[in-house]
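Report on one structure; see the data block that follows.
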Amino acid sequence: MTIRSTMSRQGRGYALAAMTTASALALSAAAGLAQDYDPEAVINIGSLYEPQNLDNTAGAGQGINEAFNGNVYEGLFVLTDEGEVEPKLVEDYEISEDGLTYTFTLKDGVSFHSGEPMTAADVKSSIERVTAEGSASSRKSSLAVIESVEAPDDGTVVVTLKTPSISLPYNLSYVWIVNDAAEDISSAEDGTGPYTLQEWRRGSALSMVPFEDYWGDAPTNGGVMFQYFTDATAQNNALLTGAVDIITSIQSPDALSQFTDNPDFTVSEGASTTKELMAYNDRVEPFDDPQVRSALARAVDNERLLQAIWGDYGTLIGSFVPPTDPWYVDLTDVNAYDPESAREMLEEAGYPDGFSFTLDTPDYDPHPVVAQFLQNELAEVGVDVSINIITANEWYTKIYQQQDFEATLQEHVNHRDIVFYGNPDFYWGYDNAEVQRLISESEGVSSIDEQTEMLTEANQIIAEDAASMWLYLYPQIVVSTSNVTGYPLNGLNSQFFVADIQKAE
Amino acid sequence: MLGYMTRRLVILLLSLVAAAIVLFVLLRLLPGDPANALVGVGATPEQIEAARAQLGSDQSLLVQFVAYLGDLARFDLGQSFVSRAPVIEEISRRLSVTLPLTFAAFFLAMLLAIPLGIVAAVKARRWYGLVLSVVSQVGIAVPVFWLGILLVYQFSLTLRWLPSGGFPLRGYEDPGRAVQSMILPVLTIALIMTASLMRYVRSATLDVLDSDFLRTARALGESRTGALMRHGLRNAAVPVVSVLGIELSTTFLGAVVVEQVFSLPGLGSMLLLGIQQRDYPNVQGVLIVSTLLVLLVGFLADILQRVLDPRLRKEGGR
Amino acid sequence: MSAAGAAGPRRSRGGATYLLGLILVGVIVAAGLISFAWTPYALSDMAGSRLEPPSPAHWAGTDRLGRDLFTQLMIGARIALVVGCGAVAIGGAIGMVTGILAAFATRFADDALAAVFDILIAFPTLLIAMLVVAAREEASLGTAILALGIGLSPIVGRITRILTKQVLGQDYITAARVSGTSWGAIVIFHILPNIVPFLGVNLALQFGLAVMAEASLSYLGLGAPPPNASWGRMLQEAQSTVYTAPWGAVFPGLALFALVIGINLLADGLRDRLGRSGRDAG
């Protein structure tokens, strides 16, 4: 009882503080409708992913997508939390017969936070920001198919492609539409989204307030504050003590029991796209031999590993494709756990006494624990693993850029990233002509069904080839206090749309 | 005394230059090309080359070093690779957390440790003297983060009196919450520091109590406590003061850990993040500023020691 | 008379704390030694299930991978002792030699060395050293120890210098010099006996600090990499389960605590003994 009353008093304190700063906004929302939520409540969101700067083409990290995608900036399209690609700033669009020309009609009456109206010129410069030479956007390579962007009039954008790309709308959902007059967006913003950035204090928090002239529906809350933590335990404590209302993603199952048995909190498991895998360098011996890779896959009990890391949460998928991708099929039976056959396969492949290799392991959770697990499991079939701990930056330089490694651990967070197996120059160097053909041709087809069929086949091939060792799919767990609703559960591509979040009075 | 201070000041300045050199060399010795941190995924060799030119890392070491000293003299610590923001701005913002944290903890610790340490020495035979000694022993052996976690458990999670971590967005413009979020971190560092300072105070006081001149004073009819108060404390203070500077610099390592436990946006968490992200300008900036601060404290401690110990003063004037 | 009055009770209490210190350190040393020959399980043996609480099968419970925590504690004891002894030996040797040299040197050299100590102390040396450890491809416990030892050396040096200067200011040193005693003899017969008690206490503290520093750095993720089962690493790995499976953090914490207290008590006892004989010699 005492705990509750303290918490609600704190909650009111925050709401009052927000009102003084955003009193003008309060008027529009207080339309006198009978509402069971507080339209002025500020939602406090706990996150572990602080952006490094505010520009998603300048290596800002996944935190910027979480805070800004769909909240501060919008794209021509949006990837909804259900995984659908829908038009956002586009009213309508047409694709030419040959699939090479997209003509977008822009939505009318959209204005930037600075007050300027959005025009085709802004869209053109926004797309070119992503494809520019110095861009560090994760979609740069997927958008390299763009030949040119034209703006024949203020309301129309024409994108011409080098080759057909059925994923263009999906890829454009990553492209923020930024006012072309904005100078530096690494510490300020000028987008079209329902919120404007109020303040960002590095190492601490980032706050946003509703944008008065937003073209769409007004948010159902009076603003949000992302509070950043460096440590999951501190983040959980903040939720327990009412300092935050929601945690965007739980990184360890161990703290969950503090929330699952407590009516003050809601624990929801959504769909995840984050995959933990051991990537071999498929160019080097012995990992260039599919038989060796298959043998190692059979030597590791993924179920036990998942249990160790995540308890009863998470899923095994047997490949790189999560259930939210249209081309998902359950492949857990391919190269399933069977240490006996693993030993036989190693012998057939010419390694009766096993071999040894170095596993470059990023220094953050869960990789070191996973590495130790793999070390134990592979020792059972005579393969000797030595663990080399590296930082995230070294991973980027040594493995991603220089491709100087034998095997490594990494989590891949993106949706629809099977395309990486179609690129023989990617860090893991998987080189299979059939997979490459399927993946590149799937971009040029005219229907989603055809695309799905081809990519499903590619998915099956990489699984049988054991191109990498796919360990498990992370669970996506969001925890909130029980008076808060309306938040996204799936967090696809680390997005976290906040406009529909409601806090009960 | 004045001559000594001038000389000491010159040493301070030279030390700063030396520290700058050491840092420069150390950071250049680290493996990994900082230019890689500047450019994005899939950068071409030309882009990396351009990044090197931007950083000046394509220049000779000597040219780099001269430019570096010039920048330092103008308090220009460069731009963060990651955030592109001026390092000095970020540092001053972070100092507004770390300085109050460190100094509040330091003064609280002295406030507690000096009287308690003296009592522990003078009343070594009474039960409370013993208890104090035991407490200081226990305190020194508790890992900082352990104590932090314990305090959070008790005062945040169980009693809900104080926030478990974080710092308000508006900082000290939100004074109530800012102070609240500092209480537990300050307490964590102060308690650990009290324990170790108390040991020094107790040990130094015991030495003085056993010293010849105190015995003489007592033979002249003064009470033990009276003699200690009149003659002994100043002597006892000498070794303690010499330890204070060191204590303050260990506090810095403590602050890194405590900032981590309580998610505080201080200098320590900036350093840690900088190390993880290979953000050289940030790492370099934090190390320079913190070195400067600790050197200043060492300077003050030395002057104070002079004032307190007549023997050193005499020797200094030879 | 008063001196005897003060020393008497201290001697007996000194005996008791000395004994307690001896027992605590002894147990940890024994655990470390036994771990060479026997541990309940192999270090990497995932014999139990995930996060088992302490039981007859696993005396200190298990970690997330079901590995026995008591085994890790025993091996951790070995590592803690190596870290502490190694760092103090390195730091003590460098610090004492340079500290005494500084005290004896000419004014200029003294100032220079004193300044060097100040600079080195001012550096968050431990963090820089760990930065190097983390950056090197072959990070090892040895690098960590060396880094910690070098990090400690200026602290020892600074204290040695100040203590030595205090002794040098005493009248009997002047008397000894006048009577023709060599500097070497003065160091051995007058300076060391007088500075060792205070320095001994300090070195014990440094031992504790070194072990603790290793734990703090491991907590920050900058410590020696796995498979080194240092107590600091164990604490770090248990951090996310500290409220739900507290044994993972409690036992290594207690072990650290016992070792540091034990060493300090031992040093206190030594200090009382050496302190008396030091004074007698003086």
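Each chain carries a letter (A, B and C) given by its place in the written order, and its residues are counted from 1.
Criterion: a residue touches a chain if its C-beta (ideal position, glycine included) is under 8 Å from a C-beta of that chain, and two chains touch if they have at least 3 such contacts.
Just so you know, these numbers come straight off a predicted model, no measurement behind them.
S.K.: I want to compare two interfaces, A-B and A-C. Which one has more contacting C-beta pairs?
M.R.: Most C-beta pairs in contact, of the two: A-B.
S.K.: So which chain is the furthest away from subunit B, centre to centre on CA atoms?
M.R.: Following the centroid criterion, the farthest chain would be A.
S.K.: If I average the Cα coordinates per chain and compare with the overall Cα mean, which chain comes out closest?
M.R.: When every chain is reduced to its C-alpha mean, the one closest to the whole-protein mean is B.
S.K.: Which whole number of Å gives the spacing of the CA centres of subunit B and subunit C?
M.R.: Here subunit B and subunit C have centroids separated by 20 Å.
S.K.: How many angstrom between the C-alpha centroids of subunit B and subunit A?
M.R.: The mean C-alpha positions of subunit A and subunit B differ by 39 Å.
S.K.: Please report how many Å separate the Cα centroid of subunit A from that of subunit C, as a whole number.
M.R.: From the centre of subunit A to the centre of subunit C is 46 Å.
S.K.: Using the touch definition from the top, which residues of subunit C touch two or more other chains?
M.R.: In subunit C, residues 134-135, 137, 242-243 touch at least two other chains, as defined above.
S.K.: If a residue has to touch 2 or more other chains to count, which residues of subunit B qualify?
M.R.: Those would be 32, 149, 157, 260, 272.
S.K.: Can you list the subunit A residues in contact with two or more other chains?
M.R.: Answer for subunit A, listing residues that touch two or more other chains: 231, 233, 391, 394.
S.K.: So in the complex, the part of subunit C that touches subunit B is made up of which residues?
M.R.: Residues 2-3, 6-7, 9-10, 13, 111, 114-116, 118-119, 121-124, 126-128, 131-132, 134-137, 155, 158-159, 162-163, 165-166, 169, 198, 201, 205, 208-209, 212-213, 215-216, 219-220, 222, 235, 242-243, 249, 253, 256-261, 264-265, 268, 271, 275, 279 of subunit C touch subunit B in their complex.
S.K.: Which residues of subunit B touch subunit C in the complex?
M.R.: Residues 7, 11, 14-15, 18-19, 22, 26, 29-32, 124-125, 130, 137-138, 140-146, 149, 153, 157, 196, 199, 203, 207, 209-210, 215, 218, 224, 238-239, 242-243, 245-246, 249-250, 252-254, 256-257, 260, 271-272, 275, 283, 287, 290-292, 294-295, 298-299, 305, 309, 311-312, 314-315.
S.K.: Of all residues in subunit A, which touch subunit B in the complex?
M.R.: By the definition above, subunit A touches subunit B via 3, 6-7, 17, 52-53, 57-59, 133-138, 140-141, 186-187, 199, 201-207, 225, 227-231, 233-235, 237-238, 240-243, 391-394, 396-397, 400-401.
S.K.: For a test of understanding, state which residues of subunit B touch subunit A in their complex under the given definition.
M.R.: Subunit B reaches subunit A through residues 32-33, 36-37, 39-44, 47, 82-85, 90, 93-94, 149, 152, 156-157, 160, 163-171, 174, 260-266, 269-270, 272-273, 276-278.
S.K.: Flag every residue of subunit A that touches subunit C in the complex, lowest number first.
M.R.: 231-233, 251-252, 254-255, 257-258, 307-309, 311, 363-365, 368-369, 371-373, 375-376, 379, 387-389, 391, 394
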